[in-house]
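Chain nomenclature is as follows: A, B, C and D, assigned in order of appearance, with residue numbering initiated at 1 for each chain independently.
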Amino acid sequence: MQAPRIPRRQDGDYTRDAAEERRRFIREQTGTDLTHVGAYSFDPAVLPGNIENFTGIVQMPLGFAGPLRVNGEYAQGDFYVPMATTEGTLVASYSRGMALTREAGGVITTVVDDAMQRSPVFLFENARGARDFGLWVTGNFTGIKAAAETTTRSGRLRNIEQYPASRMLYLRFNFTTGDAAGQNMCGKAAYAACRWIVDNYPGTISRYFLSGNMDTDKKHSQLNTLHSRGKRVIAEITLPRELLRQRMRTTPEAMYAARMTSQLGGLMAGAVHNGVHPANGIASVFIATGQDEANVAESHASLVYAEVTADGSYYYSVTLPSLIVATYGGGTGLPTQRECLESMDCYGVGKVRKLAEIVAATVLCGELSLGAAVVAEEWVSSHDQLGRNRP
Amino acid sequence: MQAPRIPRRQDGDYTRDAAEERRRFIREQTGTDLTHVGAYSFDPAVLPGNIENFTGIVQMPLGFAGPLRVNGEYAQGDFYVPMATTEGTLVASYSRGMALTREAGGVITTVVDDAMQRSPVFLFENARGARDFGLWVTGNFTGIKAAAETTTRSGRLRNIEQYPASRMLYLRFNFTTGDAAGQNMCGKAAYAACRWIVDNYPGTISRYFLSGNMDTDKKHSQLNTLHSRGKRVIAEITLPRELLRQRMRTTPEAMYAARMTSQLGGLMAGAVHNGVHPANGIASVFIATGQDEANVAESHASLVYAEVTADGSYYYSVTLPSLIVATYGGGTGLPTQRECLESMDCYGVGKVRKLAEIVAATVLCGELSLGAAVVAEEWVSSHDQLGRNRP
Amino acid sequence: MQAPRIPRRQDGDYTRDAAEERRRFIREQTGTDLTHVGAYSFDPAVLPGNIENFTGIVQMPLGFAGPLRVNGEYAQGDFYVPMATTEGTLVASYSRGMALTREAGGVITTVVDDAMQRSPVFLFENARGARDFGLWVTGNFTGIKAAAETTTRSGRLRNIEQYPASRMLYLRFNFTTGDAAGQNMCGKAAYAACRWIVDNYPGTISRYFLSGNMDTDKKHSQLNTLHSRGKRVIAEITLPRELLRQRMRTTPEAMYAARMTSQLGGLMAGAVHNGVHPANGIASVFIATGQDEANVAESHASLVYAEVTADGSYYYSVTLPSLIVATYGGGTGLPTQRECLESMDCYGVGKVRKLAEIVAATVLCGELSLGAAVVAEEWVSSHDQLGRNRP
Amino acid sequence: MQAPRIPRRQDGDYTRDAAEERRRFIREQTGTDLTHVGAYSFDPAVLPGNIENFTGIVQMPLGFAGPLRVNGEYAQGDFYVPMATTEGTLVASYSRGMALTREAGGVITTVVDDAMQRSPVFLFENARGARDFGLWVTGNFTGIKAAAETTTRSGRLRNIEQYPASRMLYLRFNFTTGDAAGQNMCGKAAYAACRWIVDNYPGTISRYFLSGNMDTDKKHSQLNTLHSRGKRVIAEITLPRELLRQRMRTTPEAMYAARMTSQLGGLMAGAVHNGVHPANGIASVFIATGQDEANVAESHASLVYAEVTADGSYYYSVTLPSLIVATYGGGTGLPTQRECLESMDCYGVGKVRKLAEIVAATVLCGELSLGAAVVAEEWVSSHDQLGRNRP
């Protein structure tokens, strides 16, 4: 009557055998054969730290878009971008945008900020207690930083923002995290910092929580848009008028008019950003390259800014204020994910800004492609052709 | 010098052979062997409508969480929930929450709204033109509906919202879409409706766009929180005080205090919702079950409401206002994804609300588990143990 | 030691004598002579319903801006707009904008929506209870409407929006309120409706509150921007290129470029609207005409949309989604306020939409004037000349 | 046919005579006698810098609320708070809250931040140009500060925030402004700083605007809530359970339950703050004391946080993140306004934080009073009694 627990082994839980036992268990409990789920090509021993109750795999279709030309500071040249998706039209549409921008000389990309956050909150008897504490934190940054950094080799505490409200002081710790996304690193370091604070603060702290939610982990926030989370990357391009006409059957003016109408709609709707669909490109590259897929929630935010220039070209830019990516740690080392990263020479140490630039350039191409399709009224027909697995 | 195009075949592009050719191409261009990417277990002939340039697969680790007890109107009983993720601790943490709620009798779930949108915008000479058009739309709903529904078997135009601004009228078409997520269906139907409108409106329309962005496709919006997108599902539980103490080493009061502090932080940060991390559960179930992974951007919104009740229990609820799920179409029919759906008896016709309920119940369990870990200061230690693939 | 109470009379509290007693009291307690405060020209007997503890007046400087040409449906012709303010430059700047738009033929104004809200919330044992209640409310609109309307001569319950979350159902009652702003009218009518609901609902309501805050009284909200509060008014103009050059020493392109840059800044900042300073014009006209001055918080929201047209003119529009105005009741009947209303022929019954149109046209003129000043770098110099009472 | 211009004099425009001429003009043009408008008690010579086209006054009814006990760092003791309003019930309701908090020992107030902003934006050829410029700004803060401060005696440039997006860099200059609100001072200083920057920056600036809108002048923004604008003030109180029962006929639990329900409603509505009606108290004190009345738009934002404490009391706090007040300059020196300030000993130099504390304490009292009225179902009846000037 009571459904049994999923089998789990004290030892050897990350083995083909243990996974098979769980598939058998699911079949016994639900009648479902997990045949395809069981068809994975790697040794489960690589998985600790990535999943529990490993049972098999989801086979997510992978296509490459591109070539994408990037004129970044870290990414330079042409790239084939791996995208894992089940949404028809997506790879084709991004590829179309990439062809357009390549012909215009490539996407310029710039990383302008880079930090990961954890935001503890401290509670006091009243607001003055919180304010006094804030002054102490400012004066004791060196000690806090030292305590935080005992826990990590690559993380560095860059600065601490302070936000007072009621009798609380919310701190937002900004860490540089090397090539890792760094959430766990930041959590651990912030925890050490908090304990040091509690031990050393001469005043009275009523209590504290390791997160007061101003890191807005796994959700978009205006604070992220303002002060960045992960990488803040800007992708830019200027499209010659004639190119737009030839390739996209439209004009800068028509693209721009649609964009402005759409922007007003989004503003009225309270949309969290003024782009079109960065989430599509980001989600599919994230899955392909072993990023934390839930970070799409934060990373999909954008600030799009476009202009019809004096000479009739179309300047278009996408600012991603909170792009969370890694080329090391997390899911990046899993076999298929690593292959995808390596295909862009983005695996491992010293590659994370390169990846950030490629993602931003990819997003820009997708914005242009969909934007043009809406204007040229090819949106429905292309989806009708490519995007419907079932009638 | 110019990077070559990715090979694509007029015929037979969805074959093992074509995929292999593309893997060979990637190896030639980038030096990367896509060995594991090539290890898929199904016939690519199933893929048209899901991806272009199919090259292989990403093998996303899959674990089951649960059993999860759901007291829904569609989902009733115990479920093992498939979660695809590379984030350590995730499956364990959701499982922990599921054990807690199961012991409290299970999660109550209720679907309170269900519709998918497309929002065309019509432009006029001035605001009065837009206003007059709005009256005509109201008076001609039957004709618009008939035109829209010529394009779809399962979609029904339920109602049209109107939002005037400047000389535009933004319409928001609400369709019921059966067991499909329905974005493409809605796009096609709205397009037909727009053409009917243009043909039949006696006044002058300057122009129109199929999307004025008030569908806020692939991004969160306040409008979605207000008027729903996809399913609006509510999950609820009342946790006895003693259970919380035993299982989570905490009390309703401590959980609640942390939640209120966190909520104020999120409010100050301009976070788009007041939950903790629904994106985690949603992303991993979405990937496992063939949902459009970019829809995490919309679906991760939540309205959490908790109370310490008069008798000292902890009432906790999660409202997901814009959960976009399907049990038919899109990626749901792909081999591993279908197996995952079938393991919950959620594949195919008549199952979509059941799936929505299971996702909502899953999210609630994850909120409780992480919330308790933060309070009990077990968050860092558990991540340290389970969540770090690389030191 | 304990500061004494402010004197108040059972009878005759709205008299010159009672006011003088309070001024004397303030002088005794604080040493401050309220000489100018005591210099009012009307009989305090007009004040019940407008203020308690009447002690005198604040003398707010009043200037007229204009003439403003309005091509509305209710306001037609030239108006001198009374503005009460202490902010130098304000009247001059709005006048400048009015001169500009008059020369362009006048501002076109359109009222596109009109309703006032009160939003009770009902609590239930669980979400299903709330959902069932919602269906009942839909089915019993006639009864609810009848109950609400027993309390008011001019108010009509137009429709009820429903917003479910957790185990609550938030209702948003929309009333038409004639020429009154109507908040109190709505409160009273909604209260009667709630009592009728409680008496007649066959199910179990745990409890209810007369406001669940979705009327967002005295504060801006996205909901107001979407569904209006008070009047939704749109003001439009097309400015010939040459006129802009002559009058404002700028071009449509320069104005537009500044606007787009500013709009991106506001978006990044999380500003609640994309206009420049509607609050200035609204606050000063509100004070002059006896509107509830706190409603600036709601009324200052705007949706600005501009275009450089194909022929090089500048189309500019302001949508005010939540303009709360009255020409009857509240402060509109006080002597100076009534004179101000009468100077625009906006006092009393049947005038409220006329006033709404004038306010919207005024706002548009102020947006253009300040926008042009920023572009022409005349902003600081004009404020330096007109706006600094003390060096 | 064309409406004539409002008469204005080169010399002697701020005289009784000039004002009378304008009233005559209005009568001739509109038929309206501005009798009461003409009844002012001061010499118009005090008005330059406050208004143009001075024609007379609006007589805004003034009442005092209180006594209000404030336990601030600047405001200490009992105050009678001048409130100018036409909204019946307002003064009575705030007085009721003041009586409640006085009996609980008074409101604790704390100013935790204090700065005024102007936010120029600089445009570049591309994002890298903007990024390089940002580094230069950081390195040249001393020069920028010196240039800014040449224009002002009391203003000091405290720090510059930087926000990059697209090819723009938005700067947010924070000035301390003494006892003035300081918007004009900041504008002038920022303008001088911008000219210095343009003269000294070795790179190429495409152009700049004095405001890029991230000062969000005259409108609420999330940025203000995060980083303050004007004063950030926190007001707190702990109300004994018994006091709440006796005075307000309610309990902490009932107050709190209503508050939480209301907060969820506001969150769902996208309300800009989670208070009830700070705009009421702020607007009426602003008008009484010569503040810029349009600043209600920014100042009405609040972060309310409440708790039922372990011993059953009710802790309640209001954080006003962007309260813009002055005790010097602007309208503060006008006769009635100055009397109102003086009645609280808040006129002139060194008083602005005292005023900020009194306003915050006032707001808190109003929140409690209305909150209790809603719970005790006395809201409608009190408005029915006090708040309806016309039936």
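Convention: a residue touches a chain if its C-beta (ideal position, glycine included) is under 8 Å from a C-beta of that chain, and two chains touch if they have at least 3 such contacts.
It should be emphasised that the depicted structure is a prediction, and the values quoted were computed from it without experimental measurement.
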>> With a Cα-based fit, what is the angle in degrees between chain A and its identical partner chain B, given to the nearest 5?
In response: 180
> Taking each chain's centre as the mean of its CA atoms, how far is chain C from chain D in angstrom?
Replying inline: 17
>> Need the CA-centroid distance for the pair chain B / chain D, whole Å please.
In response: 41
> Taking each residue of chain C in turn, which ones touch at least two of the other chains?
Replying inline: 163, 165-166, 168, 222-223, 226, 264, 268-270, 303, 305
> Chain adjacency by touch: line, ring, star, complete or other shape?
Replying inline: complete
> Can you list the chain B residues touching chain D in their complex?
Replying inline: 222, 225-226, 257, 260, 264, 267-270, 274, 303, 305, 307
> What part of chain B is in contact with chain C in the complex they form?
Replying inline: 73, 108, 110, 112-113, 126-128, 130-131, 134, 163-168, 222-223, 226, 232, 234, 236, 270, 303, 305, 317, 319, 321
